[in-house]
Amino acid sequence: MASKGVRVEVKAVSEGPESIESPYDEFLCVPPTIRLVSSSEEEFDAVIVGCFGDPGIDALRQAVRIPVVGPGESSMLFACTLGYKFSVVTVKRSVFSMIEAIAERLGVSKRLLSIRETGMSVAEVNSDHDAAKKKLIEASKDAVKKDGADTIVLGCMSEAFLGYDKEIAGELNIPVVNPVLTSLRMAESLVSSGLVHSRIAYPEHR
Amino acid sequence: MASKGVRVEVKAVSEGPESIESPYDEFLCVPPTIRLVSSSEEEFDAVIVGCFGDPGIDALRQAVRIPVVGPGESSMLFACTLGYKFSVVTVKRSVFSMIEAIAERLGVSKRLLSIRETGMSVAEVNSDHDAAKKKLIEASKDAVKKDGADTIVLGCMSEAFLGYDKEIAGELNIPVVNPVLTSLRMAESLVSSGLVHSRIAYPEHR
Amino acid sequence: MASKGVRVEVKAVSEGPESIESPYDEFLCVPPTIRLVSSSEEEFDAVIVGCFGDPGIDALRQAVRIPVVGPGESSMLFACTLGYKFSVVTVKRSVFSMIEAIAERLGVSKRLLSIRETGMSVAEVNSDHDAAKKKLIEASKDAVKKDGADTIVLGCMSEAFLGYDKEIAGELNIPVVNPVLTSLRMAESLVSSGLVHSRIAYPEHR
Amino acid sequence: MASKGVRVEVKAVSEGPESIESPYDEFLCVPPTIRLVSSSEEEFDAVIVGCFGDPGIDALRQAVRIPVVGPGESSMLFACTLGYKFSVVTVKRSVFSMIEAIAERLGVSKRLLSIRETGMSVAEVNSDHDAAKKKLIEASKDAVKKDGADTIVLGCMSEAFLGYDKEIAGELNIPVVNPVLTSLRMAESLVSSGLVHSRIAYPEHR
Amino acid sequence: MASKGVRVEVKAVSEGPESIESPYDEFLCVPPTIRLVSSSEEEFDAVIVGCFGDPGIDALRQAVRIPVVGPGESSMLFACTLGYKFSVVTVKRSVFSMIEAIAERLGVSKRLLSIRETGMSVAEVNSDHDAAKKKLIEASKDAVKKDGADTIVLGCMSEAFLGYDKEIAGELNIPVVNPVLTSLRMAESLVSSGLVHSRIAYPEHR
Amino acid sequence: MASKGVRVEVKAVSEGPESIESPYDEFLCVPPTIRLVSSSEEEFDAVIVGCFGDPGIDALRQAVRIPVVGPGESSMLFACTLGYKFSVVTVKRSVFSMIEAIAERLGVSKRLLSIRETGMSVAEVNSDHDAAKKKLIEASKDAVKKDGADTIVLGCMSEAFLGYDKEIAGELNIPVVNPVLTSLRMAESLVSSGLVHSRIAYPEHR
């Protein structure tokens, strides 16, 4: 999905929870992520956090001098320009507060119309792609028909990696934002524009 | 400023005000812009409106099936991810209400800390680049020191085309967002991601 | 509906869309409206825009020195004092974003509880008054029973000109705001109070 | 200041504080006001509360079937249509919370830019008109120059009755809203439009 | 329910409505309450208003130098720390605006997810405890299942005095906030911490 | 400062940053805190996080079945009932975003008027108490005089442990909220009321 000439490398942290499905998981994964990101700073032009919840993104931005991009942030920002009211379709209710916190922090809560869950955990999404696709379409339809959404954001990286966004978009006839794509585009855009996060907002750690 | 492989063509409308420095100017320029954009739909992959105020962007999105990108929208969205509080530095007080309206419509008013004017009209910016640069730096400094901004957005295309953003950024040591750059990046990102504005939000005109 | 001693003249613009049912229509009608309003300034004490969406009201206020009143604005302001939560009943979903934008601009979004559509276009309203009345009552009832509204605003001038507001109010036992009436009252009130829009907010166009 | 054909009668309550300059005063004056308003219902078409703080307006609306108009509410609503950002100029800091509460209840807090005090109590306003006028102009100028207001609301009936609004407006070249005038206009408008407050919002008292 | 060593005395005002079920009742009860509270200042360390609507709390705080605690305020504050989204379960729709006003004044409206009524008046609650309990559980369940609440606040002192909070909490498996308890705890906490309300916010009455 | 009969034990985590003065520090200290809190669950009735920024409070609440109290949350909640507008006085600008995030999460941003820094780091506060006291008074005065605060919150545990709150309160004649005290009171109140955080809001970790 990366643009031509862009090399993407996926790195896993050495420790931490299997998946991130609540603030508890989120907090446990941040310290090893800080270490990994810090050690990769020389080698890369930008970092994308590998979880829709953007865990520890403020701390990561303090740790390095290259752009640190969050899939949650970047997909919500793209959704803001694609329509007036977006819904996030995600795994389970336990992540709702994380998603609402991203919208609050970004300042776009007014645009986040609703959050809908498929009811499938990350493990279930990964083990049954067909069921996940079916549930994603169902939840997205509910967001459009019942809530009045005009844009859908896939609110989980495991859901996003399935690559069903275009299919769902075709079925519902509205944009479906894939956080993998938007975080790549945001990272590429920042690097090619020479933009890095503000040192006033994210002061260099001691 | 466009990415490799991207061709940008600048087209001028056949009628309308000399510059856009208030809602009055804004409304007069939209009908000819709709005609121009509609006639260009076959030839291009995306359209960027040539004014920071994003005049008529909702109507333009109804008129065509390709992405229509606004410099105001895209620069504010980038600013939202670069820090917590951005200020827009623009020409004159008469455009403040247009800028506030963009932030309202996008849902990011909470992040728009302040708007500061250089006091120079578009014509003056174009005729005295040195003075414009000096005033831009002054106003940006005030936004940082007096208002507490951590990110600056250049709130006028004439200011942006001067290309002083990196210089101001260097002087103030914070990100300075150039709407020419961000609208190009947003247009490139939408096209390369296969995303178009929502037909529920922007229904096809009759 | 005008007060005693007040003469109202209805003027049609020379060009523009048949009806205004989306931002696209809205933007096309503004330039001819500016011309008409400017040429009428000497003859009248105030101007009322003839569409609930208040198209181009900011620009019109810049164009003349007499009060320019919007039916959308004035009916929402009256609704704010009649109860705590009003719903707008209008033609079709394509105008929802225009109505939300009026509430945002006025600063009364918190009071706008919901928008409901009759599903009838302006042309349909004009050609079948009985059906329109039936649908208006149904949508208003839904706003009260399902959404919890305590006040109804008729969100379309064609609906308002039918004059069914008192009948609907009687049936539902709550205030129904007719934008034709409220914009007349607002215009009369401003003129008799010697109040004109702020030149700081709406600077005189060059 | 009333329109032609409108008779206004000023009635004083039989007990209560000398003036209303804090919530404490406000609460003490409401029960006698309820009694006075209830006993006047047969004789009048509408009631205007005689204090900018709109004391007990919700309760008064429950007590009678005729419109009950608040000077605070009506002047803020007029201010909302005259510009983008209004400031209230009032007597002393002790009434600020009452004014903010009106804006909150009306849903227009976003438009209330600032409150400024003259520092003169109601008694002082009434005993030294020249000083009051001078202080009103000073505070209004500060609201415009320092805060960025485009419209001024006189936030006290004693200030309003002095009748200096046009003079201040002329000096500052922006609209100055006189709550005496706007509450009369609002009362006249509601009566002539056949509108009364919502019985869902203000249920009839037992 | 008071903590060890704390003596609570319940005092009734000499006049006023039987119960407080709308702003009308609320305003009538404040003047006698002010008198009672003022005369009790010497004898007590703190005052708790005996109604969930916190009637006249601002005025009462002006009247004395000891803490004046509101059951509405204190239970909403506790609810804010127990979860993300609370619902208030109360008697009838006529008190909804009072409850929303408390949340607005406290600044916690964002956390007040919904208000649900049992449909039983205060008199009915007091005369049929079993029915009240059943209705409280039903309304609380609706708040959790249909609205998405994670915390319940009992929004009426008569409901609260029934003491069913733990039972309802057990049934729904979420916190149920009893305003009798929270206002006692808040009063005890303020007294033992040496904190009294701000004299800038609540200026001493003349 | 604890109430009679309440035993407080201070426990230090085995690893983590020296002090917490930015999100970076905050994230590093959470995993050891989770371990410490989990292992203490059997022994204690409630846990108070030892930092004003309430680091990881959501995760900690998922980890145990006893109340977890945050000094930031509890002091802001007390401030909300003591006045209308509070200011937080803290160490350095690098913690501002943490404090704003607490207010956002609690839903009380509207009440957080301003944040002011003493400019002294945690280490400096601990090594020079006199200077810290002087700076605290200065910053608090600025919050009252320049910003218009009616209540002060000490926004750092090291500042709070100095115990100067009563002295500052006396000097400024307004309430000064000490987070050590309020978190103790909140913990005591929750325990004695049998209230624990919502399992819907903070689901038990796997």
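We call the chains A, B, C, D, E and F, going by the order they appear; numbering starts again at 1 in every chain.
Here, a residue touches a chain if its C-beta (ideal position, glycine included) is under 8 Å from a C-beta of that chain, and two chains touch if they have at least 3 such contacts.
Because the structure is predicted, anything quoted here is derived from the model rather than measured.
The minimal number of chain-to-chain contact steps leading from chain B to chain E is 3. If each chain is reduced to the centroid of its CA atoms, chain B and chain D end up 41 Å from each other.
Each chain gets a centre from the mean of its Cα atoms; for chain E and chain F, those two points are 26 Å apart.
In terms of their C-alpha centroids, the spacing between chain B and chain C amounts to 30 Å. Residue numbers of chain C whose C-beta contacts span two or more other chains: 84, 97, 200-202. Taken as a contact graph, with one node per protein chain and an edge wherever two chains touch, the assembly forms a single closed ring in which every chain touches exactly two others. The chains touch one another in a closed ring; read from chain A in the direction of chain F, their sequence is A, F, E, D, C, B. Those residues of chain F lying in contact with chain E across their complex are 3-5, 69-70, 73-74, 77-78, 80-85, 106-111, 144, 149-151, 166, 173-175, 177-178, 181-182, 185-186, 188-190, 192-202. Chain A contributes residues 22-28, 30-31, 34, 56, 58-59, 62-63, 93-94, 97, 101, 104-105, 200-203, 205 to its touches with chain F in the complex.
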